[in-house]
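Each chain gets a letter, A, B, C, D and E, in the order it is written, and its residues are counted from 1.
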């Protein structure tokens, strides 16, 4: 088991290291991730949603549906733990 | 000339519907069995009604919905198909009566399953006969395999189950090879519809064609050529009517019929002879004829001996196909019905003996001919026919086969045929002499089988003789029609 | 008006239904099943409407929150989605119906409301994955469905189920992490999460090691989800120890959605040219799928427990789908997608039957099923049909997909895979025929004689889905052109002509 | 590879740190027999991925993505933050379910060591 | 530990402030760091603190099992409800700008986002609390 773990971990590690060569460097303002979709969020978030906190604007509005999904995840977790652990009471 | 007609589909559907009805009335024996008989007559009538059409030169054709792009479930009742269809549907009528008699006398259980599977198997056999393309044939071929399995295992003994496993192992593996061949054919030609003269010409190298031919041959393991034969003797644990109809008529004939179809309608005579594949097939067939006959000699169990005889006789058909000459083709095709009539008579007789006396081994049948004269007389007729002696229809096959061998200039095969005839005599005549000329050990009060069994037996026996006297209608006519289409002397 | 919003309603409806079920369960447990049933039925109807819309007018786009795609989240429904959605919801309806009776004997009564709630949440997650056009959204819904699935596995009374569920959770989480890493890598080099947008932006970046790594992470992650051969270890136990209705859901819905996600990512995010030419991973992938087909079957032969045997058979059958996809030939992919439907129908039927045996007689072992066909004729007959379909006997559905995948392999010159597919049919026949022989051609063993003779066909609520699926095995086989009409345009769209 | 790695080591040290943590977590998940440690490993793995995302969003000289009055402010990329907020919740949920299962397993078997569980199962 | 007076007293004092701060974080998510998740978790931590200090059974009296389930469903309901409301008023799902409020569009969006955050906060609070209570082994019960 340990050996397998080591081998698979090393493989994943090598794969990741191999990939990191082409990644934009840390803090690079010219990175594509910064200049495409995110750019619009930064410039327009306040005009679109009157929300200063861009994270909130994206979270609750632009990508609000993700957040609904996320809420469903945590709701699911609640129900699941309830289902698994609650011993006495009614649901 | 094609004529769209519902008849081929109807012929396949009638047994299928009967199967459903049998299932519905599974707890009421009389109704259940009358459905079988009714359906067998209806099917025969349906097949017969196609005869005049075919003789007048039109071929009933039906293409149902497409199952795969470019591939419809399609049926064509040409002369070639009718030979097989007529044989199996005609003998089903006889067999239905015989089955009922046999099963009543044998106090069989699970009869609903038995009759259900029987009907499905007949439906599938007709499907194989009428299919107008490889895929349709494959579908029914597989259904035939599956539906006959419960019949083989009917007794539910350990021996029966082992036989069943062997049966499936051989035939499903063969099915895989068949499927592979169909796939390759479809891949090469973009279609699988049969056409006289072949569809594969010009699609692929000689090596590929040879491989394809061999996979096809393996695919048709139902033809029981050696070394793919051993499922057939094992399957003899099935009730005798099953052995009679399925393992002497429907299933094995589906195999040889398939090979004939593929050789004539997929590869085409020209290609097969150009690649020397005919010779290959002929060698396999000759080997099978001789070896199976010898194996038959060593069997003491009557049904097993008949089974090996079947193996040998099926290869007559293959040999005829492999000769690729007009007379060879006629011999091959005519042997499909002729062998069926003779062999079913033999099996019916064997079944009657088993039911009435419980004896399965030849060495115990001393003097049985005196107790059951009609049965053994019919047995003798069948045996004489298989040996190729007059006045039974078997000689017609041998005659054409010999002619074919001469036409092909392959006198070796003539020798094979003669040797095999001698072997046939060697393994059949001891049975007859034991039955008639040896004294029974004790008076055991054995008498003839009930009428339900005796009458079908007599009819098929007499038919075997009649087919010798009047071979033309319908079989020889159909065969010559099919032969002229295949060799291309008449365009369809 | 409603018609425009169907893409999102098909996901939100079960969510609302889940909440409603939970609250209704408080008042009366008997309310839960009707709510769940009604939800799935309505969803199924919606999916059919969507499918017909897609077939008539082409892909549907739905912008959530009225934000345009790369900025907001987009729902896209094309033929593939529509097809998968309809298949999944069809099975959902039947499983839900089946669960009503079968679950009563397998879980504590007071857990029933939670069971239906989690079931609907599972459906929410699965439908969300099916319709989304956004990678991260896919991840979120994948997690919803996974969490629900872990819980459903553990819901039964057997304590071994807990360990199975835990293993499933660990494997599932690793898979989710890999997918998240894949998304991260793609995002870092492209700056977008929208699938269509990614497909547009990615081609110039195909040489980048980041993109290739992302691709490999997606493949590994989704391979775990779909239990590709060496990564299948969670599957047999999870299937074996979960309640029957849950096994049906897992085998038909959860595994299929993983395959769908894989197809979507392979063909819609990355393009076929990338997966075929730029990166040789698919070669390995095909070999693994072939190993799954053979390995799954071989292990299945050795099983004595019916459900476990079916589970290994699933490993093998998923191999077919993945092989079809991996070959990336248009015919093979058609076959692979077709097998999503086919395998769902066949395996759903078989697991329902295994559940029915447990329900009526308590028998799990294959050897103890001797002679059960006499007392449960309809169930046994359905088993025969589904088994024949698994083996690939025409004219059942199983044959059709095998035909396409084998033909595709032939066309792309990969003979070895043709042989693998055909050989596996035989192996499949070996283990299914064993069961059939026991059911039909043997006397009951004394120890189980009582259980066998007193068994009856299950109540209508369980029998009906079984028979519907058995009929579907044959009908979709005969009328295979119906699903093909949906699949072929999609495949032609991404891979070019057929 | 070396040529790209060495300068990369300084340019992308954030990613390398994340990768190391990831591998530690992954190793714990696979190699450790204790179910609790597996869950901890899972958490480490997930957290490392969060780190990976978050550090990718950083911009030199950037500030938190909350609008300030100064128009010249450089903000870091807000999107990974949002994604990770979601992913954290997912991680929490997974952990909760995992813990619940571990508790149930402990109640049922009296142990959460994998090899002991296997031994117990084999005995039954 | 339950008998420790210092802890119990401090706890009693601190809890209202924690809750207040949680509400602040939720409400101010729009203009400063914070939001529904963060606030919800902080709010839940107040209950968790009570659970630690007074025992789970005691904490259960403050927020019952029924309450947590109801709250978690309620938060999800608020979120999904707003989404569906947008459909009713002619927008797409979660298309806040279609909500008929007498405000300019960005303001409506901001307001709706705020409402949604509250929904998130409620669910997160309820689920986190219930997760803790479920997983924590009640000393008295054992």
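Following the convention adopted for this analysis, contacts are C-beta pairs under 8 Å (C-beta built on N, C-alpha and C of every residue); 3 or more make two chains touch, one makes a residue touch a chain.
Computed from a predicted structure; not experimentally measured.
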| item | value |
| --- | --- |
| Partner chains that chain B and chain C have in common | none |
| Chain occupying the middle, per Cα centroid | C |
| Relative to chain C, chain with the most remote C-alpha centre | B |
| Relative to chain A, chain with the most remote C-alpha centre | B |
| Mean-CA-position distance for chain B and chain A (Å) | 69 |
| Chain A and chain D: spacing of chain centres that average the CA atoms, whole Å | 11 |
| Centroid distance [mean C-alpha coordinates] between chain E and chain A, Å | 21 |
| Multi-chain contact residues (two or more partners), chain D | 26, 56, 66, 79-80, 83, 85-86, 89-90, 93-94, 96-97, 100-101, 103-104 |
| Touching two or more other chains - residues of chain A | 16, 18, 20-21, 23, 31, 33-34, 37-38, 41, 46, 52-53, 55, 59, 61, 63-67, 69-70, 72-77, 80-82, 84-85, 91 |
| Contacts with two or more other chains, residues of chain C listed in rising order | 15, 19, 22, 26, 64-65, 136, 140, 143, 147, 150-151, 154, 181, 187-188 |
| Set of all touching chain pairs, with the criterion as stated earlier | A-C, A-D, A-E, B-C, C-D, C-E, D-E |
| Contact set on chain D toward chain E in their complex | 64, 66, 85, 88-89, 96, 99-100, 103 |
| Residues on chain B engaged by chain C in the complex (per definition of touch) | 65-69, 73, 135, 138-139, 142-143, 146, 150, 153, 156, 160-161, 164-165, 168, 172-173, 176, 179-180, 183-184, 186-187 |
| In the complex, chain E residues that touch chain D | 31-33, 35, 37, 124, 131, 134-135, 137 |
| Contact set on chain C toward chain A in their complex | 15, 18-19, 22, 25-26, 64-65, 67, 70-73, 110-111, 113-115, 117-118, 121, 124-125, 128, 134, 136-137, 140-141, 143-144, 147-148, 150-151, 154-155, 181, 185, 187-193, 208-210, 212-214, 216-217 |
| Complex contact set, residues of chain C against chain B | 388, 391-395, 400, 403-404, 406-407, 410-411, 418, 422-423, 425-426, 429, 433, 437, 440-443, 478-481, 484, 488, 498 |
